[in-house]
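Here chain A shows up in two complexes: once beside chain B, once beside chain C.
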Partner chain A sequence: MTGFLFLLPSLAGVVVFILLPFADVVRRSFTSVLGAFVGLANYRTVFSNSAFLRAAWNTLRFTAVCIPLLLLLSLAAAVCLQRLPKAGKVLKSAYLVPMAIPVASVVLLWKLVFLRGGILNGLLAWAGKAPTDWMNTDGAFFVLVFSYLWKNLGYDVILWLAGLAGISPEIYEAARVDGAGEWRIFASITMPNLLPSLYTIAVLSFLNSFKAFREAYLVAGDYPHESIYLLQHLFNNWFRDLALDKMAAAAVVTAAVILALVLVLQRAWERE
Partner chain B sequence: MKKKILLIPLGALALLCCFPILFLCTGMLMDKGELKECLGPVLQGTEGYVSWRLVPRFPTLQNVVELLLDSPEFFVMFWNSVRMTAGILAGQLLVGVPAAWGLARYRFRGRKLLYTLYIILMMMPFQVRMLSDYLVLDRLHILDSHLGIILPAAFSTFPVFIMYRFFGGIPEAVIESARLDGANALQIFGYIGVPLGAGGIVSAMVLGFLEYWNLIEQPLTFLKDKTLWPLSLYLPNIGLERAGTAFASSAAALLPAVFVFLLGQDYLEQGIAAAAVKE
Partner chain C sequence: MKRSIRGKLAVILAAMVLGTAGGCQKKDADSPPKAQESADSQQSGESAETTQKEGDANGSQSGADADSQQSGANAKSPQTQEPDQADTTEYNPWDDPSYDPDYDPAKDGLEYAGPPASVQDNESADTTSAQSGAAMGRYTEQALPGIEGLAALSALGSLEDGTLRVLGMADMDEGAAVWDSHDGGTTWEKTYTAAELSGVESPYCISGALSPDGAVFLCMHPLASMSAAGDGSSQYVYGKITADGTWQQVDLALPDADGGSDGYLYRIAYVQPGEILVQVLGGDAIYRMDDSTGELLQTYNEEGAYVGYFENAGEILYAFGSDNVMAIDCATGEADPASSVLTGELESDSSNLELMSSDTFPTVLCSGQQEGEVFYATKDGIYRFVLGGSVVEQVADGTLNSLAKPSVQLIAMLALKDGSFLIAVRDEGQIQILHYTYDASAPTVPDTELKVYSLTENRQIQQAISVFQARNPDYYVSYEVGMTGSDAVTASDALRTLNTEIMAGSGPDILILDGMPAESYIRRGILLDISDVLQTVKETDGLWENITNAFETDGKLYAVPSRFRIPVLAGNADTLSRITDLASLADEAQRLREEDGDVPQILEISSLYWTVRAFYEAYSNGLVDADGAFQADAVRNFIEQMKRLLDLNHYTDVQAGHVYSTEAREEEAGYDFTTVLGMPEFLQKLVKLGQANIDGAFNLENFLSGAKLDNSLSYIPFRASGASVFVPNTVVGISSQSEKAQDAKEFVRFLFSRDAQAGYQEGGFPVNRAAFEAQIGVKETESLASTAFSYEDEDGNIVDYVYEVTGLADEEKEKLRKIVETLDTPSLTDAVIEELVVSQTAQCLAGRISLEEAVTAVSQKMSLYLQE
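Now for the complex of A and B:
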């Protein structure tokens, strides 16, 4: 009972600010803006809405490209860092620096690098390649991928290092005594032991990928190139048009997808 | 020797990560003429490309002085950011620390279910919460105010999760011995839980600061009055034609975050890793 009392203030806030209003959102997803019950009509509208499909597809594509890239890059960095105890500490800090740089500060740099007359095109021209208008072509997508990788590398490296630290050194010792090579050790010991961490890290990376909207919005505004038109842009536009019925249905769908993912994560945690 | 070779790609990656700080500092110290010359291709659309130097030709504090003396709106936005971040973190301390303690150290009915609920809620991105936040803020008449940004964030379940992990690591024997000495629940929480779980509390605050100093979506949606906006929304609106001010204010926004990062780096790492290690 005492434990529950400690929790109570927080729980009361969660109920008032999150649960009750979300219940209202679920109710609204089945009604029109004026309040009449419309069954699944809002869901049908959302799923046949071309802007929603585009935004959902872009969000999915962004995730499908970013997450494997980030996981591989950060795993490679973490495995290397573990071998360099001295330099590793400094490098690890360096990788975390982007977390501390506010998006708003870095936007200025992104603009100067990726605009038509920007630094990147300058480098391309210098190397004899044709310049691209990065923010107004499909290149915008790669700018967003790059900025996500840049921002989240350190976060994932720390997570991998935590996973690596959990593998007991004796197993490695034993394998080395048996004459196993570095790659063999990685494939037969490191990888299998990191599998539970993989779930956790993948889900956390997925959730951080929603924050990529910040960069997309600050660099390209409300109406960016269509390749980086994300779900959050669509929600903002619907909010401006007061299309609360569509927002409600789309919020419920997004919540359901994320709920499913979180339950997968929980199972992974419990298996550990 | 083989290991040394690894340092080249790893070091290059590290430089890429830290480069923006150097870039912003250089831009801040350049005088107007040099900025104009470097950024010409973007500003006036002249031929060629933006060029850059690692060190300004004539380092000057002109941009900083101008920002401090001639941009009163900068101070308003800076103060807005400070107010919102401080309010949110204070709220999270007030309700989050006891909640984490209760979840981590007591067994009561429904505990497991509530813990799962907290994890699910901390994972929900803003687009899921956008409409529900709007509905509740509208009902409470705190739309278009800092309170409307602070309150929903203060009840975020993410810091509870981080602190839960740290409180859970305190050995039961310590608490048991305090109980035998006659300490009541509040005394155990205040004199044992909080000091021994301080690492977790600081971790949650460092992660929280970096998150809320960056607040974009919530103020953009709920604050119509632009004088209430945080620095993070104001900065991108400074056009490139005022490049000097843009650099100086970007660097100024960076400063508190880097300060917190340098002081709290170990806690930051522990806070991130808390999600990866098993209970």
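Now for the complex of A and C:
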């Protein structure tokens, strides 16, 4: 009982500000904008809407490219940092700095580098190539990926370090005494012990990947290049046009997909 | 197992810490701005509260005095045009049995002690107490009957016995004159004319001042004897008419070299009987002079800080600069610290300081009846300030009367003994004196509130609202603008805020749908069918149905344009006959360039942004075909032809810098050139072709009057994409969520009525047929304006042109009617597409991006948009 009471304030907040509104969204996904019941018509519209399909595909592609990359790179960095206790402290802060930079500043830097009159084009002009507006080409996608990796690397490194710190050093000593090499230690001791952390970090990184919308929106506005047209762009524009029925249906679909992914991941790692 | 839990917990804890740390600098990219909305509602609530307090004070004050003064406060409804039934017998306290010379209002707690401490300023008042239970009492406005023969008003004043006095100009022959009213403004008689008294023929009254003791001081220009010789002596006559009617010419000892024009007194005011303050035109110093001897007593603002004009309340002088107001105590000549709150309040809105014409002022000021009381009026209303006080309180809300009307300009203000105000204004050329009296029985804010919303400021709507409220005092129409321009709100942000309000049920009742996704709103049932409203207008005045039915859906009218513009081309009649669309325009332009290599511009293009926008409006319906599918070829054609037209022009470096700068739009954002057909440029042989989306008869009258000097010039409707296009403006819709649909329909009916559409000529031709006919109905013999210009012809001679802008000839009127009848296709009103195409085209024409890039960008983004 006391446990429940401790939980109550936070639970009340979550219910009022997140669960109840989401329940309303689920309700709206079955009605028209003004409240008339329409059954599954909204879902049919959404699944046949090419903008939604493109946005969903872009989001999926972005996630599929970013998450594995981020996990690998941050794990490598964390393992290295763990071996360097003194330099490690400074480097840890250095990795975290990108997270502290406001999005607007990042966007400004982005524009300086990638737009028509920017630094990248300047370098290319020096090499003899014609200038292009990189944000309006397929390269925009990779710019977004790079920006995401750069920003979130520090976050994941810290999380990995916390996970690594949870492994008792005695096991390592025992393994070294037995004559195991570095890679062997990594594969047999570090990795299995990190698997629980992997699940948490993967989920957190996945949720963070949706924040990439901020940079994309601030640089390119309501209608960016096709390759960085994400789900949030679509929702933003639907709200401007008062297409709340489609928005609700798409939101429910998106939430269901994310929930499914998270549950699948949980199942996979819990079994270990 | 334990280890795994420990590992998990460590990671989760770390994540939480990092998450909150990272979350602190999260920026929500799309949180809607709500501050503006609450500030507005607080302000209207606050004015309700203060007017109530003011009302209590006035009511109790006059209760201490006799009843005859009370009658002035019981104002009649403004709809009845009866003049104020003020008691004309002079009040004599000795006859009034209730008058007690020893009565002290403070004993009854009735003395007005100033605003209560809880009222800090307009923005922070508590709205709930003002709005719970109907607050009563506000100032109502009546226009005094016009003064016959008054052509211009220079000063407004009152004498000690209550007589109202006006100094102004009778017609041009009679000149300066003084009118008096002994019955509170109902009837006026001409007391003096300066011509009679001074012997000067046809004196043009430049400026003047009225003293409460009956004296009048004038600065006049004797028109009949205009001397062109610059013999150094002042052409201006200064004189004083004493209280008993004798003329005294005064030689003012104005200092030399004021930077002003040899004695043209721009402003004169009495600081106390016998002494005047004057400002010379173009000068910054203000002089205090004796009105009989002309002696210079004191100079204020000797340092010469820029002063546009000045007002005064007794001994306190307020000098209005370009962005500041100086309050000077005339007794000491130093700045007056007691006025700092007042000047701060005035300075907070730059439109209070901006001089828009030579004889009207953005802020007018006068002293009140009490010691140290100052009243002033701006377009936002009438305000009261007590010297040394810490608040400026709003006494009357400008949006509830004519003060906020865009066509009204203020001239002078006077506070009367009974607590009412007189404000002289000019409204569309007519001089009016508006009388504001306190009506304790009128609700502070009228019962029925209608909310009107538009994305950008629309002056026709503001005008219509003012007129509607004046005629229907029980309506309060509040006007909300989504993008005021003073904050960084974009159109998308404003729309999202609006949609939030609509879905929350607190949305506006009437929507002006320019720039909004009207089709989306119609499809989702957000708009009401207003066919019935239009039916009544159709039956009384007639409507251009080809325009009003532009957005008809399923036989119902949800969004109806109330004005429209017509894209036209002007130039040589022969050339025009060969132009059928945009491509043939470019062909003809090329042919003209081959013929004449010297003329600077073939098609007048002075600003890329505005020209592209105007052409876009003419061409846009060709970008999307009947099924709503996007036509990439049409965009390519548009950009290519625009490029051809632009390349045919020869610009000087300075001009090119301006034209090719796509940033120029910010500077020009206030003035829309797209409606003006330049006429002098044709006669000066600077251009061969012109394009405009004309918005009123005056554009055509100006063009055709000048075309009489060159018979080859003519105009045709511009069918850029082959269709007869018109540009719909001020599209009106009523929200289906509104609880006041009937009242909203009343307002919409007014918007489409002849009165609302006939007067103000901005935004487009009226759809109301009667108003349209009234607008074009100016006779050919009637002169509206005259234009004079000169140019250098081939031989280097300077040729002067003068032409009168007159009404249209009957054939021209018929031609215009026929053109309007054939208009059948509305231009695309979608703001997203417009912004996209115009910006990419402008950038391509300016050379920033290539044609292919522009077309690809437009195609891609358009297809995303249309797929959504």
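Keep in mind that, in the parts below, the second predicted complex is superposed on the first by the 228 of 272 C-alpha atoms of A that agree within 3 Å, B and C clash if a C-alpha of one lies under 4 Å from a C-alpha of the other, contacts with A are read in each partner's own complex, and residues count from 1 in each chain.
Assume a residue touches a chain if its C-beta (ideal position, glycine included) is under 8 Å from a C-beta of that chain, and two chains touch if they have at least 3 such contacts.
The structure presented is a predicted model; accordingly, all values stated were derived computationally and were not measured.
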Scan A:138 for contacts with chain B and chain C and give back first, second, both or neither. neither
Given the touch rule stated above, what does A:34 touch, chain B (first), chain C (second), both, or neither? second
Thinking of the overlay built on chain A, is A:241 touched by chain B (first), by chain C (second), by both, or by neither? second
After superposition on the shared chain, which partner residues are touched by A:193: those of chain B (first), chain C (second), both, or neither? second
Could you look at A:16 and tell me whether it touches chain B, chain C, both or neither (first, second, both, neither)? first
Once the shared chain is lined up, is A:49 touching chain B (first), chain C (second), both, or neither of them? second
Chain A residues in contact: does chain B have more, or chain C? B
Touching A:173 in the superposition: chain B (first), chain C (second), both, neither? neither
Which partner chains sit in contact with A:104 here, chain B, chain C, both or neither? Use first/second/both/neither. both
Tell me which partner A:155 touches in the superposition: chain B (first), chain C (second), both or neither. both
Jot down the residues of chain A that show up as touching in both complexes, chain B in one and chain C in the other. 99-100, 102-104, 116, 155, 158-159, 162-163, 166, 197, 200-201, 204, 213-214, 217-218, 236, 239, 244
Considering the complex alone, what residue numbers of chain C touch chain A? 3-8, 10-15, 18, 22, 25, 27, 29-30, 492, 495-496, 499, 502-503, 517, 520-521, 524-526, 736, 832, 836, 848-849, 853, 856-857, 860-861, 864-865, 867-868
Inside the complex, what are the residues of chain A that reach chain B? 1-7, 9-11, 13-14, 16-18, 20-22, 24-25, 28, 77, 80-81, 83-84, 87, 90-109, 111-112, 115-119, 121-122, 125, 150, 153-155, 158-159, 161-163, 166, 197, 200-201, 203-204, 207, 210-211, 213-214, 217-219, 231-232, 235-236, 239, 244, 247-248, 250-251, 254-255, 258-259, 261-262, 266, 269, 272
Note: in the complex, chain B contacts chain A through residues 3, 6-7, 10-11, 13-18, 20-21, 23-24, 27, 39, 41-42, 45-46, 48-52, 94-96, 98-99, 101-103, 105-108, 111, 114, 116-121, 123-136, 151-152, 154-155, 157, 160, 185, 189, 210, 213-214, 216-217, 220-221, 231-236, 240, 246-247, 250-251, 253-254, 257-258, 260-261, 265, 268-269, 272-273, 275-279
Could you list, by residue number, the parts of chain A that touch chain C in their complex? 32-34, 49-51, 54, 99-100, 102-104, 116, 133, 136, 155, 158-159, 162-163, 165-168, 193-197, 199-201, 204, 213-214, 217-218, 222-223, 225-226, 229, 234, 236-245
